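Listed next: structures, encoded as structure tokens.
Each of the two complexes below includes subunit A, the first together with subunit B, the second together with subunit C.
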Partner chain A sequence: MSAYKRLSIRQKQIVWAWLFLAIPTLFYGLIRFYPTGTAFVISFQDWNLLGERTWTGLSNYQKLWNDPVFWKVFRNTFAYLILGTPVSLVISFVIAYHLDKTRFMHGFLRMLYFLPFMTSAVAMAWVWRWFYQPVPIGLFNNFLASAGIPQIAFLNSTTNALPAVLAPAVWAGLGFQVIIFMAGLRAIPGSYYEAAKIDGVGWWTVLTRITLPLLKPTIVFIVVFSSIGFLRIFDHVFNMTTNNPGGPLNATKPLVLMIYETAFSSFDMGYAAAQTVVLFLILLLVSLLQLWILKGDNS
Partner chain B sequence: MTAVSDTSELPSVKAETVLSARSRKPANLGQILRWLLLFLGGLLMIAPITYMISTSLKWPHEIYNVNLIPEEPTIENYTYVLEDGRFYLWFINSIIIAVITTVSNLFFDSLVGYTLCKFRFPGRYIVFIAILSTLMIPTEMLVIPWYMMSQSFGWLDSYWGIMFPGLMTAFGTFLMKQFFESVPDDFLEAARIDGLNEFQIWWKIAMPLVKPALAALAIFVFLGNWTAFLWPLIVTNSVEMYTVPVGLSGFGDEVDVAWELIMTGAAISTLPTLVVFLIFQRFIIRGVVMAGLKG
Partner chain C sequence: MSRYMKRMALSGLTALATLFGSSAMAVEIEYWQYFFDARVDAMEQLIEKFEEANPDITVKMTHFPYADYRTKVAAAIPAGEGPDVVQLFYGWLNDYIEAGLIQPLPKDAFDPAVIDAEFFPMVQAMKRDGSYYALPTAVRSLALFYNTRLFEEAGIENPPATLDELVETAKKLAKVDGAGNLTQVGITTGMTAQDHHWWREVLVRQFGGDPYSDDYKTVNYTGDAGLDALNFYVGLEKDHKVTQSGFMDEPQAAFKGGRAGMHIDGSFRIGSLNKVRGLKWGVAELPAGPDGTKSNYSSYWVNGITTKAEGEKYDAAVKFLQYLTSDEAMQLWLDVVGELPAKPSVGLIEENANDPTFGPFIKGLEYANTTKFANESAQRQAMVDMVARIDIEGQDPAESLAAAAAEEQKVLDEYYKK
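And now, the complex of A and B:
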């Protein structure tokens, strides 16, 4: 204690800072960085969780390259991204744009749109799974039947299953995006709109020349946030296809589900680790793209 | 309004329409139509939730019926699911895990955020970059090493095993750091002169000033852990240790076509967060905006 008292204020600050950071530093080292390194190392090894870990060089990556299931999964993962991101972006913008202009019971309407964000993906995946069942069980097909429209095979069809699994994921994320868009819309100074009003500019010009350009940071944020979410889709797919995960015929299988099965059903740890490295690289690319776009915005 | 018109260069009529802005105009047909469409869209948005609750209140023979209001409502499904006892266990597990993880994040994320924000010390920049870079590492990449760790330390199938990866988050740390920026250094300096030590300054002076941010972080961490699925699915293997999502997933498979029971389980796992949301609605939405834009 007397040694501490002799320290200068600045030195005391250093002691306190590292005292505060001691446990967190240990945590980030052991629970984040060390495992990251381990994942890379295992991706160059062959290991079934019980036996010896043996070095195999690039063979896991070669296996991945030649695995038709991987390429199917790769296409699915990007299909979730390419369908999900623009659809949720457009829908949430349209809702936010009109909600922003509505005063009557504004809070109530906003609550309706935000409520799905508070649900659990697993619970809602099961609800939607019930919606998609054939007659006489599923809600959608029952509605179609009562309207005299032929039945649609949702989860049993190789072409319809992926969009059907994606729908609840888009639905659950809309509320968050609407709220973020509304915050972005509120941040646009009212003087721009007043000036446009005085000039007698039409609503379409206001939308495309004022609103959308000024919303660019918000749009970039939502695109990146939802893209990363769709690339990591798992809960919905797993729960809507538990009888045949990722089926039918791998038509809905995303990369995270393939990782889960390779690691914890086939116990091929090295191969699964190589798949996680690929996921890491894809997500890194998306994040760097975001930084690049935002930087271009400043210059 | 009249006070403005004499100094304004615009004709007074025009000044009035500009000043009254969006709110005071009487509703026209377009606005009524807009409201109705938004209302219908909102009902569609909550339809999965309303149908989930409606079906959980139906007898098995009625679930084939698309009507929203059950003809003979029953709480039989809830009695059945709760008497089974497992949901009760999973519920307790999920609450314990979500609460402890939330408390841990509130404590450590704000401590680290505060230290990075208010202290100048060697190694500060390295720690900052290191924590920032963990945002780039996806959880899915870490589950295999975490599983190995849990296996060798005997953490599999335990609360600690489910919780340890989420005790601190880089997201929470940077959220808190952002908010500590708005705490004036003079406050901290005054407390220092009053003889408080650095821990007391953080805990008693700085923390109360960032309560809204702490609340926002708490909502995010709690919701995230309440709904977490992949890691609890991997690390648990006995039914008693499941969390609600993991338990519900297995339960759905087990009862197969008894959709009224699945909807009941889904409702039980969803209702707590919905009720919390309905109570703290305005507060939660503000928190989400803060976390979304600053984090």
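And now, the complex of A and C:
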């Protein structure tokens, strides 16, 4: 007590600041860092959730390296990223760009685009799952069949299934990206556009020389945000393929779903933890890469 | 400070004393199961009857959502908490024994020879080194559901009794639209549902094989029998065009929707089919094989005594488990939950065996097999992929069968190597 009394006001302030900061730090450490650390430890062990944990060294990682399913899943995960991120970026920009210029029913249209973002992913995935079914219940195939066109196997196909699962996921994330883009567009000072108008510049030049360069921070944010989202895709895939999770023939299985299955239906916690560590490293790498690009922008 | 501590300790002691004082008269044991409405309801009734007959024992039931069940059990028992009698899926038995969660049933109360004689034969999968570790109250088996309206419409009088009749019946039931798309299937298929059991334990045996050797540790369906069984199964879709895998998303959905003539499923489906308005259905035994072989697959949940139960709690747990495996409990379970009795002495009494709904399932138990799964979902996945490779990628069935066998063997080896 007396030690505290001898402190200067500045030092007391620091003590109090640390005291308040300690609570979230402790909480965060307990629910985030401690389990994360444990996951790293378990990845070197063998554990079925019931018995003893036994040390197995690097064997979980060796198994992962030699597992053809893992490499398939690895490719799928990046397929979600490489298809999903640019497609959703372009679509959301086009929508935001035009929506920004629309005055007629602006609020209503914006609500329509935002609605899927607020819808439960589970409900949405199930509705789309039924859309994709073959005749007689699938909406798309019923339409095709009534027009005399052969049916398309959307989900029961190794080539079509991944884009089919991705489509509603892109749609669901669109609303959020549109809002961010519109905020970015509004933040560009009107004087640039006025100057361009006076100079008599065409819309394409305005778009490529003014709008897009000034939107770069917004674009980087959306790319980082949606990349992490697509790398962690799970609920859409799981709900659209519950009977054969990540199927057919692992064609739609992302890394997170593989982790889930290894942990909670095979109860192979060590192997699942090793996969989690790999996912962690991928996310870290992608985020660092994108932060590096963002930094390059500032200099 | 210290006076306060003393008072705390004193009051703690008094509380303990009262606790022990009452426990001398009544033992309380805990029972755990996963949450399923009818099961909880049935168990409540059983506990009430058991407590009436044994006034010195009280049973406290706790239930959890299925998703948390295993984790909770695993965390509680080693810590000396949780259940004295626990429910588990038969496929988890090895894991539970290895982890030291359950103990063998005492031979005086549960004589292995008596159990061998009294229970349906597939219950012997619960025996390790001569003693039983857990026993079921109820079991499940497969049967052929058929839509009586569609049967009438197609002029079919009886459900098929053999696989050949199954194909012929299905042909009469299937409907296609102008473009050749199936709008009604003769029989539902889908390895993701119950078909992997039907293929593994029924079709392979009916075509003259034995799906596993070495106590389910070695895959044994790669021979002609396995290939014939696989060709028959995929032939339903490819050659006879009476079905489509994944038709209407899920087999049971197609049957409930009245768009499927026949559907192979477990006894646990009865309850939900009863709730479908306007659906008229019947049940028949699974069709016999080309040489008349009958087979079935049975799965069940069992109850075991945990390693936590000691002393008088152990004695009470034994009594409770004896009651749970009694004829009375089995009949109650059938009436409330709709799951089949695990003993012929209850199942095969006139009233149950001739019941139009339960009868075919109960008859199936007499010749049912129980797969000792190492990892059911991974082993199912091998079957799912086997058919998908033929369906989607056009792979040769023999090649696909060999690949599936290798995949499943890998799962088994990994599990048993420990």
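By definition in this document, the second predicted complex is superposed on the first by the 274 of 299 C-alpha atoms of A that agree within 3 Å, B and C clash if a C-alpha of one lies under 4 Å from a C-alpha of the other, contacts with A are read in each partner's own complex, and residues count from 1 in each chain.
Definition applied: a contact is a pair of C-beta atoms (placed from the backbone, for glycine too) under 8 Å apart; a residue touches a chain by one contact, two chains touch by 3 or more.
Fair warning: this is a prediction, and the values are worked out from it, not measured in the lab.
In the superposition on chain A, A:Val206 makes contact with neither subunit B nor subunit C.
By the touch criterion defined above, A:Ile137 reaches both subunit B and subunit C. Ranking subunit B and subunit C by residues of subunit A touched puts B first.
When the two structures are aligned on the shared chain, A:Gly51 is found in touch with subunit C, with no touch to subunit B. In the superposition on chain A, A:Ala39 makes contact with subunit B only, while subunit C stays out of contact range. Of the two partner chains placed around the shared chain by superposition, subunit B and subunit C are both touched by A:Asn243. Once the two complexes are overlaid on the shared chain, A:Leu214 sits clear of subunit B and of subunit C alike. The residues of subunit A shared by its contacts with subunit B and with subunit C are 129-130, 133, 136-137, 243, 264.
Contacts from subunit A toward subunit C in the complex involve residues 48-52, 129-130, 133-137, 145, 148, 150-151, 153, 155-158, 243-244, 247-249, 261, 264-267. Those residues of subunit A lying in contact with subunit B across their complex are 10, 12-14, 16-18, 20-21, 23-25, 27-28, 31-36, 38-39, 42, 95, 98-99, 101-105, 107, 109-124, 126-131, 133, 136-137, 139, 142-143, 146, 168, 171, 174-176, 179-180, 183, 190, 194, 197-198, 221, 225, 232, 234-235, 238-239, 242-243, 256, 259-260, 263-264, 269, 272-273, 276-277, 279-280, 283-284, 287. Residues 67, 70-71, 74, 95-96, 98-101, 177, 179, 181-183, 190, 192-193, 244-250, 257, 259, 375, 377-378, 381, 384-385, 388-389, 391-393 of subunit C are the ones that touch subunit A when the two sit in their complex.
Residues of subunit B that touch subunit A in their complex: 18, 21-23, 27, 31, 34-35, 37-39, 41-43, 45-46, 48-49, 51-52, 55, 63-64, 66, 108, 111-112, 114-115, 119-124, 127, 130-131, 134, 136-138, 140-149, 164-165, 167-168, 197-199, 202, 223, 226-227, 229-230, 234, 244-246, 248-249, 252-253, 257, 259, 262-263, 265-267, 269-270, 273-274, 276-278, 281-282, 285, 288-289, 292-293.
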